[in-house]
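The following pair of complexes shares a single chain, chain A, combined with chain B in the former and chain C in the latter.
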Partner chain A sequence: MSATTLIGPARSRVDGRLKVTGAAKYSVEFEVPKCAYGWTVESNIAKGKITAIETKAAQAVPGVLAVLTHLNMPKFKEAPKKEGGGGGAGIRNEERFPLSDDGVYYAGQYVALVVAETIEQARHAASLVRVSYAPEEPLLTMEAAVRKADKPKKNNDTPVQINKGDVATALKDASLVKIEQTYITPTETHNPIEMSGTIAHWEDDQKLTLYDATQFVKGVQNILARSLGLELENVRIICPFVGGAFGCKGAVWMHVLLAAMGSKVAGVPVKMHVTRRNMFVGAGHRTPTRQTLSLAATKDGKLQAIQHVSETLTSPVGQFTESCGSRSTGVMYESPSIRVEETVYPVNVSTPTFMRAPGECPGTYALECAMDELAIALKMDPVALRLANHADNHPTKNVPFSAKHLREAYQLGAEKFGWSKRNPELRSMRDGDLLVGWGMATATYPAHKMSAAAKVILRADNSATVQCATHDLGTGAYTAFTQISSEQLGVPFEKVTFELGKSDFPFGPVAGGSNSTGTVGTAIHEAAVLLHKALAELAVKDSKSPLYNTKIEEIGMVAEGRIGIVTDQTKSDSYADILKRAGRDSIEVQSEQKPPEENKKQAFQSWGAHFCEVKIDPLLPRVQVTRVVSVMNCGRIVSAKTARSQIMGGVTMGIGMALTEETSYDPATGLPVIRNLADYHVPTNADVPEIDVSFVGEPDFAFNPIGARGMGEIGITGIAAAIANAVYHATGKRVRDLPITPDKLI
Partner chain B sequence: MNDDLQPIDPSELAGIDPTGGLDELLIFGHPGTRRHFLKQVAGTSAAISLGPALMGIGSIEAAETDATSGGNASAAVTHVQLRINGRDHKLEIDPRTTLLDALREHLQLTGSKKGCDHGQCGACTVLVNGRRINSCLSLAVTHEGDEITTIEGLATGDELHPVQAAFLEHDGFQCGYCTPGQICSAVACISEGHARSDAEIREWMSGNLCRCGAYPNIVAAVKEAQSKTPAKAS
Partner chain C sequence: MNPFTYSRAADAAEAVSALSAKPHTKFLGGGTNLIDLMKMGVETPAQLIDIGRLPMAQVEELPDGKGIRIGALARNSDVAEHALIQQRYPLLSQALLAGASPQLRNMATVGGNLMQRTRCYYFYDPAFPQCNKRNPGSGCGALKGYNRIHAILGQSEQCIATNPSDMNVALAALEAVIRVQGPKGEREIPIADFHRLPGTTPNVDTNLKEDELITAVDLPAMPFATRSHYLKVRDRASYAFAIVSVAAAIEMDAGKKITAVRIALGGVAHKPWRAKKAEQQLMGKDADEKVFRAAAEAELAAAKGYEHNSFKIELAKRSIVRALTTVAGMNS
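The block that comes next holds the complex of A and B.
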């Protein structure tokens, strides 16, 4: 019995009470007796060699238990180089082990670790470590790194250099209307309010428990086991709550390996809470991007060519590609010719990683600004231009999209926003002295599928516990999976306990790529089928059961708490009676982790439309976003309240991206000059207006049995473009490098 | 004497979000405890190096000078008695311990969160004598005699405080990590009389960052809790 309504119930979070009372335990909050503290020392040059490292003064500080540098760091066992995220292998964006040689590859790289009994001692001792360097000229810009540039063929198995039709000829066609512009996005840093952190606790020299703030307990388990040469089952990872992640807790970063090794050397458990300062260098960021868009369209607005050239950075010690073009232009509009080119430059800056909608987010910013510029060149309404180029089929794979309802999203969004009242003339709309601008953009994010397994324990009192090594990053996973379990198992919501965040549980993939609801939901569905079968097997052998001697295949769930003959529901039996008569207190089943089924006949992608209003004082042009309407088409929405919050969160982060967020680096030394929350401006309460979120469409059962395509990331796609387009409408100034700070509008 | 210290990154000195809802930093805790504090750190150079902190600089690191000049002074512990959520706790701690670290690392009161350790995010907000402060910016030894309330002390038995209940109902959080700070801040915001309109709530709650972006729901929650709180005569 799968739910067929578009939107599930609006329940408060099942873990909400723990969160509002302060009882929820985040990783570094677990009480581990005799726990010491780790504190790092970071390089203040971007490239070179360590020539000397003086640790005596640090070692002399009372309470100091160990000082580790590349000179005395025990060796890690080798872990394989390139690993994907879908399987159990785990993710390493930075591939060099910490303190493994005298090389410095980026500013902020950890060059020493101090372990001491208290935070105060560790922090102070770390300040006494003296490092001497032989600096070398770092590569810091795309221009400087041009000889090392790489054009990867694929990103996570998906081709990223796309050539469809003849873009070059169309771009030269004098009868077409054309625009060509370059858009810049800066380095952005995730900055979840919970900084990354780990407690490493060795029970003996072969057994390690880590309380780690992670989006992937099974991945951490595997990487730690292999790096340290331990049996997989002797490494346990525990993480019931994550204080926000947005991608920066998906990979295993250096502090996790340092905590484990530091603890081994010091002989006590070690807690490492990454400082906010180091969250800007040691836990990933979104690479800056430079994207050049060339569009050509007929006079009535039919796209004939889209070219998207995207350039991004990575580090010398890691591999990460932000696929801006293939993940936006590669899926968005119908056009006879499409060309996407992606280039990655390795520079001496810390390693980037996926940040909420990696690729799609900066990609849709550039593409959707370019579409706005094209609409103006064509004197066409921006919504009408998008409708004219709507893609029913995947534009580069040429298969139909499943359950795509983007047209409805535009329509409902425009209606709710009042778009028809927009005067297209620039600087034409006012609120008193303030300039008013209205802009819109399309949002999109693919539906990803990974593999997972779930365990179900059903008890004779009709309660159930469901377990999977998945994660709740604030996404609402606890609530959504309790809901899915209740529906799939046929057990009342209040009687389901869903457990996650432990590597002991059946496999859950990285909580990334907005895959969890569908992937883990499918595993719960499969476990529910097994449960009903196991109950049926007991019933058909039991002469007191109305289902006695029935064929197993005819039996399925017919109502909450009951299995019966699917075609003749007068014959059914309750879970509780079946178990009681069999003398059982409980029954347990576990689904199998298998590679996800591929449907090559259809393409699965989520869609949406953002409409937004900005108000700007012409004298001091600070942009205030005053209204946002977002309409999303993501298949089934399992949990209405938490889903709305996810979209709001994406939009909020997009407001930051558009207007305030930037991590900048000293062009001479490569050191980040923005390394705290006073300088890195994430949106505050006063920056964010009411956000009107709605959902359209239908459950996408062609994608998975839950009908859900996921929605953690789509909210941030397109929103920066919608704001930039509104700013242009208000002021007549087109800012093509984010963030749109007041100086750029004067 | 300070040449052993790493230079303070000027970017860290920017201090407090100017739109923050905090009346003042209360680095020295309750004014009445100032003299006591100065006595406790006398004999070290901490009092001198805390100068910048007094000016609103968000770094406790300055206080470390005591150990560099005083040899093994970092091993010194000091005794402090803190009254938290109506209970007295006796602690032996390093005098450099912040109130936040005292709560989290010494008392296992991990409800108060560390989101920056620099007075820039509000995750560590607690109530001291009814006023909201950033506990990461305040040394524990300065709070003897103060009435400290943390998120763990708001509910009455099983019954949530109206602000907690409103956050739950309005989904005023996602990851929940900024939430204890938001809730403590909201309790004070309401009692300060700064929650009379949406615009006012937005402004006076802007010292508490929420990266998950729960702001509109936080505003709704504070508004509802405000409407259920009897108005305080001003």
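The block that comes next holds the complex of A and C.
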């Protein structure tokens, strides 16, 4: 039963029927009796002080139960501070508690909360709240915030300012071929289909249940318990389904704290469903970036220097940092000298957060465009240039990569795409009147490991229930964990029920960093080992068992539903028989949550290659992506269908990043002008071609017992560069600021 | 969202009298724009009169047997798919299908589409303090703000918003006539006079009076209406408003001499922009790409761009050329 094949079975989603019939219940769909509704009032200035708030008219609206402002908001228990990582403390990228003072730090900040019996009453009353401000001049751009610039040493304990070798000398060496260019990415907003939302229900004044759309039930539990001064076990978080997240539901945002406090004050359960409009300010976004890449290479294409200087924004009430250079250039290519510099500017714009491959995604865009520019300067094929600089060892940690198969990804991708037929000359390829461009880029994302525990209940009828407080963001986690449970426990797929999304279950980490499959999979593996041991203990004491008096250490799973002597499989016993003879209906085990084992002798990173074709009408130059081939090397692929969907989703999001997505801001007020799905252009079906996904490599058992390095984020890395490179090949015009809209190609 | 009353009109006359009886009354058709704007707090009617069930959804031949009359409540999808429209006015069908999404087209009515309000960010979101259209005298936030989608023709210092409709551009090229009913009876408004330029009163989008109901749209006979094309340039392949669009129709003699031509532009002005200067330049000339480009230059000579939308001037010229080469059958 050991899962050693590269690609696991192509199961259909275990929750598919629930989803297509509408029976899957999302957070704000839970029915809680007497539930009231919260509606916020937002600041329309970016910086200043609230001088007065008139709430009488709002309070007079029938059905209004409470109007909260900084003047009457009860205090949260714990001083705001940064909550880092996914280890259990929870994440608050916005560190200031809502309505905690008269300060305005960004436009769109919640300045009041109305709670009313119906959503219409709450919304109407909120429109009657009048706020007066003493505005101050806001800082809205990098240029304006230059004097507040910060160069953080570390991001989540990882050094981000890198100096290896002597970049300065190499960049001055006249014998080398050099390029230096600056690349810009705009603010991007996650926009999952399901907006964030919470129902807060106090069962008594010490017991709170939250139905919260989150990527981290245990984190929400921890933060709410400490913020409200409650015992951890008295805070329950329930989230069986998430309708997409991409990072925007990883941290606890202000609406969650407002719902909990609003419910406490109003004395009834309160539902807060963040509007699509407020998803652009109240649930994070990807910061805009400005990245300058300087490359120097020998005439045969060997990199001698890579310098990656990146500048990003953060908010005055948070410290979230998008580490573009260290997470792309810091891992990608072999070079004797590498320098990464990261600068963060605090501006009066709402708080940014992780968005699918934070750092890696904009970082690989800039690096992989620069590599394309270098290939052209060298008159070298872009794939050949990358092969010439392939890093067998981690370029800044100097340890070998485990199970790295990037060369095969390039090779298979090029073959499937037909790359050898590419004419490198610009504007040389045509389809009728349309310009055709072919571009490629490398994808990469680290393998992250966190800690988790799992509970297994095995029954005498050979069915099993497995529980972990993990999450399914719409990614197919239910299915993948059911498959892993089936393989690891030795229970048929159809007889496994995997349960997640409840803080009552054993610990699951944040569903972020593409870690869930590996981390929770490892916990399932550990629980399976415990289960087989527990069954063995029953069997060896049972004189009717073929395993009677065998040493426990010699026993393991030998077939589906059977344990036996691993070296002599003629002696085995079935789970059902062991339980029946022991007079047991079921047996229960739970693995232990412990810090993940660190392997410092190797580096663990996933890899991939994207190849794409674009077609462009030279007169009316809107870019149409017509073909994508993506080959990924991510260790074991647990679930063939959902893994392919993950890569297709990442590529689709990358098409949006490359061509259409941009959250623009009004330069006067600092408010976003793009705040709905008509104006924020995610790709439509008509924008997305057939995406050909393949996987190469081997299970990475040096990383974890599942062999899986994770799939959620790598698909979006590199794809924007592949498209930008294809656009250049088609048109001869290099656009270095995303998105590549028609106006930039006229 | 403001509290409002809701009632359903039994017939057109009752709808019209209800409109005049109480201030701040609005008709509710498909609701695809009005309800959105009410939720945003831009529209705050005290009373909604639902006209959705009035018998005004037919598409039928005019008595002359050539033109077509479209009821104001005909759904955009139904009009676009109607055999008479597809045969005689394919331009209108193309424009409708280029707009919005199937779900929206299934709800949106022809009358509502005529009344569709601008997508200017500063109008659509009351968080912005400045908008002369929403709040006369407050200023124009777009003028020095983010103005990528804004007007390049016919705008004023008070307002640089555009009309977002695709249908309206086709109607302008087809010289549609809007039939309206008021307390004193019916009247007709040529499409060219229906929408307004912003001038000093950008808060008034159209010349429909406050007590009038749109009942139908007449499409007059137009022999060359089938030689037409709706070209929409947008930022993504589907479900996006036009950054520039062109409705074009042409008639040529055997020697390729242009004997009749209609051109209207979308996405460039506060109203669907009939390109009369370009049309005049083209009349009597031989169809040719250079001639088309010269006509486009003439039409856009008066265009003025702002920080983020100057690209529309060249894009509009190119779009005119492409639309004309398409209708003239000159594309490969």
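The working rule: the second predicted complex is superposed on the first by the 743 of 746 C-alpha atoms of A that agree within 3 Å, B and C clash if a C-alpha of one lies under 4 Å from a C-alpha of the other, contacts with A are read in each partner's own complex, and residues count from 1 in each chain.
Convention: a contact is a pair of C-beta atoms (placed from the backbone, for glycine too) under 8 Å apart; a residue touches a chain by one contact, two chains touch by 3 or more.
None of the values given here were measured: they were computed from a predicted structure.
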Which superposed partner A:L659 touches (first chain B, second chain C, both, neither): second
First, second, both or neither for A:G710, with chain B first and chain C second: neither
Which of chain B and chain C A:E120 touches, first, second, both or neither: both
First, second, both or neither for A:V651, with chain B first and chain C second: first
Chain A residues touched by each partner, larger count belonging to chain B or chain C: B
Chain B versus chain C as contact partner of A:G63, first or second or both or neither: first
Which of chain B and chain C A:G22 touches, first, second, both or neither: first
Partner chain(s) touched by A:I674 [first = chain B, second = chain C, both, neither]: both
First (chain B), second (chain C), both or neither touched by A:P240: neither
Contacts of A:T684 with chain B and chain C, given as first, second, both or neither: both
Contacts on chain A seen with chain B and repeated with chain C across the two complexes: 120, 123-124, 127, 277, 673-675, 678-679, 683-686
Touching residues (chain side chain A, partner chain B) in the complex: 12-13, 15-26, 29, 31, 57, 61-63, 118-121, 123-124, 127-128, 190-195, 241-246, 273, 275-277, 473-476, 641-642, 644-646, 648-653, 673-679, 682-686, 688-691
Complex contacts: residues of chain A adjacent to chain C: 42, 44, 107-108, 120, 123-124, 127, 277, 432-433, 619-620, 622, 624, 659-660, 664-669, 671, 673-675, 678-679, 681, 683-687, 741-743, 746
Of all residues in chain B, those that touch chain A in their complex: 4-6, 9, 11-12, 14-17, 19, 58, 61, 64, 67-68, 72, 74-75, 94, 96-97, 101, 104-105, 108-118, 120-121, 123, 150-152, 154-155, 160, 164-165, 167-169, 171, 173-180, 183, 201-203, 205-206, 208-219
Residue numbers on chain C that touch chain A, as the complex places them: 1-3, 39-41, 119, 121-122, 125, 127-129, 141, 144-146, 148, 233-241, 243, 311-312, 314-315, 318-319, 321-322, 331-332
